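Below you'll find a set of structures to go through.
Shared chain: chain A. Partners: chain B in the first complex, chain C in the second.
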Partner chain A sequence: MNSFAEINDKLIESTIEIFTGMVMMEISVAGEPLVTVGPLKQSITGMVGLAGTHKGLLAVHFPKQVALDVTSSFLGMEVDQINDDVQDAIGEIANMLGGNLKTILSDRGKDINLSLPSTIYGDEYAFSSQAEVDQVILPFQAPSGVFYVEVELEH
Partner chain B sequence: MELDQYLVDATLEVFASMIFIDIAAEPSTPEPPPDIEQNLSSLIGFAGDLKGLLGIHCPTTVALGITSAMLGMEVSELGEDVKDAIGEIANMVAGGLKVALAPHDKKIELAIPTTVIGKAIRTSGLSRATRVVVPFSSPIGRFYVELRFVLS
Partner chain C sequence: MAKNVLLVDDSSTMRKIISRSLRQAGLDFGEIYEAGDGQEALAMLEKESIDIVLSDINMPNMNGIEFLREKANRPGIKDIPVFMISTETGDDIIGEAKSLGAIGALKKPFTPDKVNEVLGPLM
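Up next, the complex of A and B:
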């Protein structure tokens, strides 16, 4: 966890910045960083891998309603179900967060590359990485619920 | 480059050397069949000259069967062991792909594997990416190896 002490603040700052500036949604920190989240129900996760000097991944877990609101606000169009637009929007948010994480971890992010963003959704699922990683999960409050930004980095 | 073939070869190699289950590749498709029972997906991202994601999608019975064969003990619960085993297979198949691409002057670097366990989970990526899904048949059932990528 120690390795995250210094990046948590920057990650929180950049998440709020992306939501305020790009998604046009006010969010706030919803408590202390967590180590795990339980099974995700009726949710969608956007994730992007990091390769290079730092290996890891960034994931953002949204309950369905929050994902729909985020997409509506981000794309400026109403959506009422998880469709391609929602998947693209959530993947793009993971991509933007990953881009910022890259810069936080390495000077101008030049030694780290992002993989393609991807989304996962389902009625109920658990998200877990292999054992040998450090991870942190930051909870955020959006108007319609709490969502989580998760970062995992190999030692 | 014959990416389909690299993907098939890398998967066969991992199964032949680590898991000792006979598997056979079926013709690849651009989309996973809509009716696949998908309870576990291990995903690993990669970046470099090719950017993308490799995924292994299994129904419960196949995930348990592969893990049992790999660890040499009966595994009956979709938990830590299974997550580690299939995640490691994803990592190794992606590693095989990396080796196969190197002579073509395409360098990729791998991220870390992650595993999603659930009911009727679906994964998807950017619509502009190329997608290849290879079904594999085995005595314990079918599973799918998927590659999504864009050339950077």
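Up next, the complex of A and C:
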């Protein structure tokens, strides 16, 4: 397995590629990786699970306004509330990032299975793992706010 | 003659993005049909005149590999070409898809330029 530093670099590259190439939105790294993020307020989280030689999850946490802007840009249509389109778009971003993470962790993604994406959203919620995990949270600056890409991998 | 395309992906967002990318790539195609999983895709192939299928792999109900396997057993539709568009691009899974008749694969994320380069010759 690669070190977390290598994973971070490749995941940053993947995230920027997905946003510039498919979401059609310019983003940048918004500081050093974090080890925790506080309660998420007025946010939506997309996530996929990893099973196989590496177990864990990838999650992407968007404040509501960033999620709306991302979905609007992704779909090329104005979206002003959290609806099925927003949940689907955020889930698909998590899915693409999870696919890239598979490739980063294992030779061409062999021996790792990805779950179908799911989303959660609400006024305030916490995101934490019950298992012993290595964890990193990468902050990114989008035009209307900061969002986070989080990876948790079991020891 | 412009080809009719079937997009198979459980994500409605991704179906819209692929459809938009086909248009942005300037490819000559006819109708675009959509299905949310392999089962819906099989029903659509039996019902509509479709020339090429662009399919995801990781889907609920019937995934892309199961879809290829089932389609290969149906004489009326088994020869319609299928191209995979997926985050799943490992050699093992793409090898399995190709062994079941898939004619190629494109990795998500993709750009309209990549869509044009890869799918242009098939249209």
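Here is the rule we go by: the second predicted complex is superposed on the first by the 151 of 155 C-alpha atoms of A that agree within 3 Å, B and C clash if a C-alpha of one lies under 4 Å from a C-alpha of the other, contacts with A are read in each partner's own complex, and residues count from 1 in each chain.
Please note the rule applied: contacts are C-beta pairs under 8 Å (C-beta built on N, C-alpha and C of every residue); 3 or more make two chains touch, one makes a residue touch a chain.
Just so it is clear, the model here is predicted, and its values are computed rather than measured.
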Contacts of A:154 with chain B and chain C, given as first, second, both or neither: first
Touched partner set for A:55, first chain B, second chain C, both or neither: first
First (chain B), second (chain C), both or neither touched by A:10: neither
Contacts of A:89 with chain B and chain C, given as first, second, both or neither: second
Touching partner for A:75 - first (chain B), second (chain C), both, neither: second
Chain B versus chain C as contact partner of A:116, first or second or both or neither: both
Residue contacts with chain A in the superposition, chain B compared against chain C: B
Partner chain(s) touched by A:126 [first = chain B, second = chain C, both, neither]: first
Chain B and chain C contact sites that coincide on chain A, given as residue numbers: 84, 88, 91, 114, 116
Chain C contact footprint on chain A (complex, rising order): 17-18, 21-22, 71, 74-76, 84-85, 88-89, 91-92, 95-96, 98-100, 102-103, 108-110, 114, 116
Sites on chain A touched by chain B in the complex: 39-40, 45, 47-52, 55-57, 59, 84, 87-88, 91, 113-131, 133, 152, 154
Complex interface listing, chain C residues touching chain A: 10-14, 16-17, 20, 58-60, 86-93, 107-111
Chain A-facing residues of chain B, complex: 41, 43-48, 51-53, 83-84, 87-88, 91, 108-127, 129, 148-150
